[in-house]
Every structure is written in C-alpha cells, then in structure tokens.
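For clarity, chains are labelled A, B and C in written order, and residue numbers in each chain start from 1.
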Amino acid sequence: MSIHSTGAHRAGPPVVEVKGLSKEYTTGGETVHALRDVEFAAESGDFVAIHGPSGSGKTTFLNMLGCIDRPTSGDVLVYGEPTARMSEGRLATLRRDKIGLVFQTFNLIPVLSTYENIEYPLLLQGLSRSRRQERVRRLIDAVGLDKEARRRPSKLSGGQRQRVALARALVTETHLVLADEPTGNLDTETSRRVMGIIQSLNADRDVAFVVVTHDPMVGDYAQRTVEISDGTLTDGVRPSPREGQPCG
Amino acid sequence: MWLKLALRNVLRSPRRTILSLVIIALGAGMLFAVNGFVRYMNGRLTLATIAQYGHLQIADADYWTDAEDRDETLVDPARVGQIAASLQAMPNVVGFAPQLALTCQIQKGSETGLLFAVGVEPRRRIIRSFQIIRGEDLQPDGTGTIVIGRLLADNLGVGPGDYVTLLIATVGGSFNTGRLRIVGVFSAFDEVFENQFAYVPIGTAQMLLNTAGVDKIVVRLSDDSQTDVAAAALRESLDASGTGLELRTWEELGTEHQQTKEMFNFIFSAVSLGIFVLVFFSILEVLTMSFMERTREVGTIRAIGTKRKHISRLFLTEGILLGLIGGFLGIFVGVGLGALVNGSGIAWTPPGAVNPVPILVQLAPFGAVVPLLIAMLSTLVSAVFPALHASRLQVVEALRSA
Amino acid sequence: MLKIALRNIFRNWRRSILSFTLIGLGGAILFLVNGYIADSLTGMEIGLAGSFGHLQIADTGYWDRSEEPAEYLLLPDRLARLEGILGAETDVVTWTRELEFSGLVGRGEKTAMLIGTGIEVGNMTTDPMDPMVSTGLPLQAGETKSILLGRRLAEKLNVEPGDRVNVAGFTVTESLNAMTVGVSGAFKYYSAQWEEQLAFVPLDLAQSLLRTGGVDKVVVRLTGLEAVSPSVASLQAAIDQARLGLWVRPWQEIAPFYTEMTSFYDALDGLSTIGVFALAFFGIMQVLTMSFMERTREVGTIRAVGTKRHQVFRLFMTEGLLLGVLGGVFGVALGFGLGAAVNAAGLGWMYPGAAEPAPVGIQLTLPNAAGPMLVAVLSALFSAIYPALHAARSNVVKALRYV
C-alpha cells in the first residue's frame, strides 16, 4: 500500500468539490431527502472510500459527483468549474474528458471487444488513430489484459470485465475516477485483486479515486473513509489521516 | 465509428436479426414482384396501344372533335403532300401512311353485320394489331379486296375467296354498295376488333366514299420514348403551316389503355401502402423492444460522455442499416417470387379479350429501386420514435434499469 | 390458465399496443379488400341481373350464331308454347320479349353503326330505364316510331330529343329497309364503347324494320338470384321435353365481363390474404420470440416449482391464440371504421372502358369479417409454435440463471 499525503499534491483547485449539496425527489407523493446539505472535496491523488448502508444516498451522491444528475440546491465544482448551470451538452463533454466512471455491473458495450471498449471515449473525443492506439495499449498493459484484447465482454470473467471498465475510465487521462460498488459483483479473491489494481493506478497516475461501497474491505485500500448515512456525510471536507499512517 | 457500432448492434441477436430481415425482405420482395407485374402489364398495354394507333395521328382539327360532318374533315391530297414532306424531314419518323375509314354494313346472304372498314395502304403497314391466319394480307394492287376478323368471318360463314357486299350510307338515306373479295382473315387481341373491323385498300375506300381525301395520317416513330419530342416538333410545324391539322399521340388516343394503366398503378400504390404500414409496425415493435433492452447501455455511454444526438444518430443508423440489408435481401425474394410466377405459366383473359394473356413479372434491376426505397423508408421511419425516445432518457433512470 | 395468459399479454402495454396494431392492421386491410370485392360484386350482380334479366332463352342457333335469323327467330307459335312453360314455372315472376338488329342510323350527313334492341315498353322484367336516361325521356308506351340512343351515339350524330333520324337494317328476307323515327332521349351505359353503338326501340318498330312477327329471345325475371340455378335446370328440362330447340342461359353467362371480374377478384383476394398472412406471421413471431425470451427466468422458476413442459407450451400457445383473437377483433373493428369512412367519402373510380365513374364502397357485414379473423388467429397461432416450443424445452437451470 502506498501512502499519499492528503495535502496539496497538485497546485490548483480540488479535482471535485461539493458545497451545500442537497437532493430531493418525490416518489408516490412523498418527498425523499436523499442528500442534505453535503460538503465534500477531493484532490487529485486522493483515494476516498464512501461507506454507508443501502438507502443512505451514496449512489445519489456519486451521481452528483459524476454530473449525471443535478442537485436540488448547492453546486458541484469539477476542477473548479461550477456545474449546476451547465447545459446537458457541456456536461456530457465534461464527463467525457474529465471524469471516469466504474459501475457495479461493469456496464461494458457487449458488441465491442476489450480493446474497443477501452477505446470508446477516445473515439468520442476524436483522437487520431495512432494516439488512440498508444493510450489503449498502455492501459491494457496496466490492467494486465493483453491476451484478452480481442475478446468480447461475454467471454470475460467478472474481474476481467471490471478491469476493462477501469481501463476505460482512465483512458482519457482524467484526474478523477468515480466507482459505484466496484466489487459488488465479485467474489472476495477477485475483489482484492481489483482493489489492488485501483490502488496502484491511484499511486502511479495522480488520479483521485472516489469509491462508493458498503463493503468494509474497500476501506482497507483507501486513504480515507467517509461515512454516509441518511443523506449526510461525516468527515467530508476535512480529511483525517488514517490511523497509523505517516503523512508525506 | 457509429457505423461500426450500428452494424454490430444490428447483428447483435441473430434470431431477432433474422426475423426482422425476413419481414423487411418479404415486404420488399412482394413489392418487387408486384412492381414487376405492373410494369409488365403496362408495357404490354403500351405495345398494344401503339400497335393499334401508331405513335401519332394527324387529322383535321374537327375530325378529333366529331364536330363536323365527314366531308368537312377529310384531308385533301394537297395537305397530305404537305404533311408527308414535313414527316420525311423528321429523323425519328420511321414510317407513315394515310387512312380512310367507313362505317357500313357487311352482308353475306341474309347475314349482316356492322363493320368499321379501314382503308389502308397495303405497302405501308403502320398499324400492326392483327395477324393473318387464313389467306393473305392485302396486296398493293388489290383493288376491291378486303380482310376481315375471324369472329366476323365465322359468323358470316365466309373465308378467303368469298365475296361480300358492303353497304355504305350516304346523304338522304340512300346507300352505296361495293362488292369485295375476301383475301384474308385475321385474328386480333380484342373480341370487338375481330367482330367489327376490316381492312381494305385505301383506293377502294376512297372509291366507295367518292373522295380523294383521307381521314388521317398515321405515323410510326423509331422509339416509343421519342413520342413527346416528336409530337412537340410536329405540332409546331403543323401550327405554323396553317393547314388546320391537329396531332394526337397514342397516349391521348388510347384512353381505355391509359385507364387500365392507371388502374394497375393504383393497385401498386395501394399494395405499397399496405406493405409499408405492415412493415413499419413490425419493425417499430422490434426496434422499440430492442432499444428498450439496451436502456442501461445507453445510460452508461451517456454517463461517460456520449451526447444525446449521438444516441439518436446511432439508433437511426441501425434502422437504416436494417432497412438497407433487408431491402437488398428483398430483391432476391422478389426475383424468386417473380421467377415462380413466370415459371408457373398462369394466364388470364382480360375482359373483352379473345385469348388469355400470360401473367409475367418483369425482373429488371430498375424495378428494384422503388421497392427498396419503400422498404428502407418504412424501416427508417419506424426507427425514429424509438431513437428519439432513447436519446431523451434520463441518465440516472437509464442506469437503474435492468 | 386463460387468465394468466390474458394478463401476460397486457404486461407491457406499449408492446401490446404495437402487437395489436400489427395484427389489427393486417386484419383491417383484408377486411377492406374483402369488403370492396363483396360490394363491387353485389353491385354488379344486381345491376347485371337487373339489365340482362336472370335468364335469357333463345334458339340454340342464336346463341352459337350457327344459323340465319330466318331459322332462329321465335315465331308466334313457338313463342306461345314457351310462354306456356314459363307460366307454369313457380319461380318465374315475369318475362319479356326482345328482338335485336344491327344497322345504321343517320341524320343528315352523319351516320353511325347501330346495334338496336326492340323491347316491350313498360314491361317490368328488366329494371326500368329511367335512371339511365340522361336527356329526354325513355321510350313511351304507344309511341311506336321512337328510338332511345346511347349518349355518345346521340352526341356523335349531334341529335337532341325530338329530332328525327333514319334507321336502316336488313330484313329477314335479305332486303334493305329504312325508317324515319323520332329520338325520345339518350341513355348512359356502363361501357363507353357500347354507349356509342347501342339504341333501344319499341319491339313493334324492330319487327316492322325486319319485317317479321318473331323475336330472338325471351328475358325472364325470377324471384331472386338464388332461384337462378334451379330454374335453369327445370326450365331447360321442360323445354327439351317440348322439343323447342331452345337454350336457357343464366345471367352470369350472358353478362359481359362477369367471369373475368370474378376471377380477377379471386386472385386479388388470394394474393392479399397470402401477403398479409406472411407479414403478420413473421411479425408476430418476432414479438413472441422476444417476449418469451424476456421471461426465460420466469419460465425457469415455474418449471422449477413443478410446471410441466407441455403446460408451459400450452400457456404460450394460449397467449398466441389470444393475441390473434384480440388483434383480429381489433382489426375488424378498425376495418369497419375505415370502411365506413370510405363509404362516406363517396369515392368513385373510372375502370377501364367506363362511361362513368363507378362508386367505391366497402360492404360492412359480419360474414366479411370471417376471413380476416381467421387469418389473424391462424397467423398468430402458427407463429407462436416455434417460440412456445423453444420456451417449453429450455433447460431449467440455464433458464434460472438467465439475466
């Protein structure tokens, strides 16, 4: 396990920052307060685990961070830019370039091979062939899926699929990756392996990982853990260094 | 890239793809076969019309409107000469000949019948809508000869070598008669034709009517498609020459044939509409379900940065590809259906015809265009709503679906 | 089981709507085609039987044109014996005598061919000519020297009611006879070509022109269209027994175009049925395949708790059947609606050779719905077979694992 200080690893604003964030929605006539006035920040290089039981609002929170849903009040700043007023088109571009997403159910495109799945965001960006090739290859190596480059997701194991997802999340060289229950569909052994990869990626690449989970094991890999329950975060902004780990 | 993705998506689920393609191919194929049939029938009709009327007919303006008595509308030799000169000069005129017709009664023994006797130039056969089945055709030097239709010949009980009397009405109720020798009997397509028409040398007709004039000049062109061009040119020169003559094209003359063509075209349009609608709803069904299945996938790629318009573009492309492949396959189906019909040798006797007409389907590449377009359009249009719907999904909702 | 099947069909309302629309449209199309054909044929039948009579009786030599008029004309004594037989026949309502002739009609310099029919004015065997008359009056009883011309014939000759024309024809003794008659009016006919040549005169005039006391045929009206076949048989038998040398012919044989139209319509009907069936068949198979596939896990579950294969098969087949039935009903309803709209629109079309547009109508009767219903149900049923079999045969474990 590598250690990172939680101070300014990079100059500039936090990779993602949340202020006064609230989210309400009405179902069946009742108003649900999914998030209540949440504050949070992560710097590049951070590895944060957001831990909470089901129904605590953690997925909603991640949706806010990932700009795939809009808050009822408050704002989400990505790389310092406020997003609450951005058009859907701009948000899509933001997600494409600046944010990587990893899902519990892997969510790969079934008709594309490993290589092509990872390549997809670069195609959206319109990169040249040689540059795409270079980056995809690098990531395939980084997640160790050389031999599976041409296989389609249906022919991969759960762990392999998640690795593809990770590679896809990182291919645009973002500094922020959000993962929703990445180990949810994996057995313990595979979970550990995947978490290990995440950890090394986090270390090598100056990328902030925010992982939402109810699996306590994940917390072992993260630098800090934030608890969420009933729409409120504890230790959101002020990170406390992990016990027993020296800073710096 | 969208093309690759779209293509792979179309081929995603083999069973479903095959069924969809079968539906589109069937629809396109049926259209192709019907189209081929209609074009065949229309082609026959065109041939029949032109065989009956020639390409163009030139006569006095009042002849066409039946406004004046016969005397006033005859075209005298001088005018005939003028027209002949203009026609000779035209490059696409293959041949032309004068005609003079008379309504009369034909009599043999106590049997009589109505007759429309057409005086023609035996050397210059412009109208070719019959075949001589007994005896021979009119000869250039055959004054006083006649060829009659088979049904009429059978009714009167006459054949080549027999004599018949023609009775022509003139002013004031008196009649001119002429005794003619039958040299041949012809068979034709139409019952009425075989029963009521006959041909005599034009000189004989002129003698019977006591005139040197003719009713009209019938013109044959080198190509059917030249008709409008030639007609326009001729109309100009006719108007300029001030001869009081007017031209009619075969399309204007063959009204019954035109009506039949219109009927066939209508049938084709109706069938096209029916098939379009059925294919549309089938594919709409398929695409809606198929797109719905991919809701989570759509949510994912939206989440990682794909824009709404990309989504709709992707799905529409899938629709187009489906239609294109299905339509293309449909051509084969159509050719197969057409070959089946052609090989079966079924025939149909249209109302008023003497012999059955074989039912054939014209299998030409040109005929594939419209059916293909209709199949593709139907598929494309049915993809629109599902595509728009998919692009408008809320990302979060989409991610949540199974 | 029926209840479950029914609920399953409506599970996904959007898909149900689409499925029903597909079958419904197919059914509606067939209903409209059938309805149009039925309407057209019924119209034709009534019209033709009305103008040509249910039966016509004439000398065999007249029908096959093998004899001269002198031989085939029905002279008074033969006619009387025929009329005796007709009077004795129960289904015969009334009859009339006709005499045809061909000749020329002219006015001033203009002459034209003429096919004339001498009729008994005021006889009710055939439909009265009043609706067909376009100018002037139909023939009047008591006015022997008058003629009713086809409209185009009248136009060709440029005559108006009241004008006088010459009519010429050959008598039975091969001499020529001509008469001057007054034009009573002009009539419209269904065929443009015949409208240019036909005319009607009083029977007495025709007989005078041809110098005969005979007629060439007797036209008979029966109680109804159903009486035609039996009457033909019994009348023919009586006639043969009396050695009259006459031939009884039903209207279908006499009316022009009837057989050609029916065979055309049969082809149209057959082809559209096949076409719709094929498209509906594959379309529904499509839907059922997908729908059943979605429920793979559910099938696995109910098999796991003890449902047998053949029960699963029956369940899915029932759904297919219901889909066909409900869709068919929807289709017929849709067909009724569209048909009513078409009827209300009052469309007409000029069929080839028509003198006037013929009305386009859809016959809206329940028997016409039988065919479309059958096609809807059968196509749904047959297309359900393969998907149902496949679902029934699936492996339980695999099915449970299906996501």
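Everything below uses one rule, namely that contacts are C-beta pairs under 8 Å (C-beta built on N, C-alpha and C of every residue); 3 or more make two chains touch, one makes a residue touch a chain.
These numbers come from a predicted model, not from an experiment.
With steps allowed only between chains in touch, the distance from chain B over to chain C comes to 1. Central chain (C-alpha centroid nearest the global protein C-alpha centroid): B. Chain B and chain C, compared by their mean Cα positions, are separated by 26 Å. Centres computed as Cα averages put chain A at a distance of 75 Å from chain C. Centre-to-centre separation between chain A and chain B, using Cα means, comes to 69 Å. Interface of chain B with chain C (complex): residues 15-16, 19-20, 22-23, 26-27, 30, 66, 69-71, 103-105, 107, 109-116, 154-155, 167, 169, 171, 173, 175, 192, 196, 256-257, 259-260, 263, 266, 271, 274-275, 277-279, 281-282, 284-286, 288-290, 348-352, 402.
Chain contact summary for the complex, chain C toward chain B: residues 14-15, 18-19, 21-22, 25-26, 29, 65, 68-70, 102-104, 106, 108-115, 155-156, 166, 168-170, 172-174, 176, 178, 192-193, 197, 256-257, 260-261, 263-264, 267, 272, 275-276, 278-280, 282-283, 285-287, 289-291, 349-354, 403.
The part of chain A that touches chain B in the complex is made up of residues 63, 66, 68-69, 88-89, 92-97, 100-101, 103, 105, 107, 109-112, 120-121, 123-124, 168-169.
Partner chain A is touched in their complex by these residues of chain B: 1, 5, 8-9, 12, 296-297, 300-308, 310, 395-396, 399.
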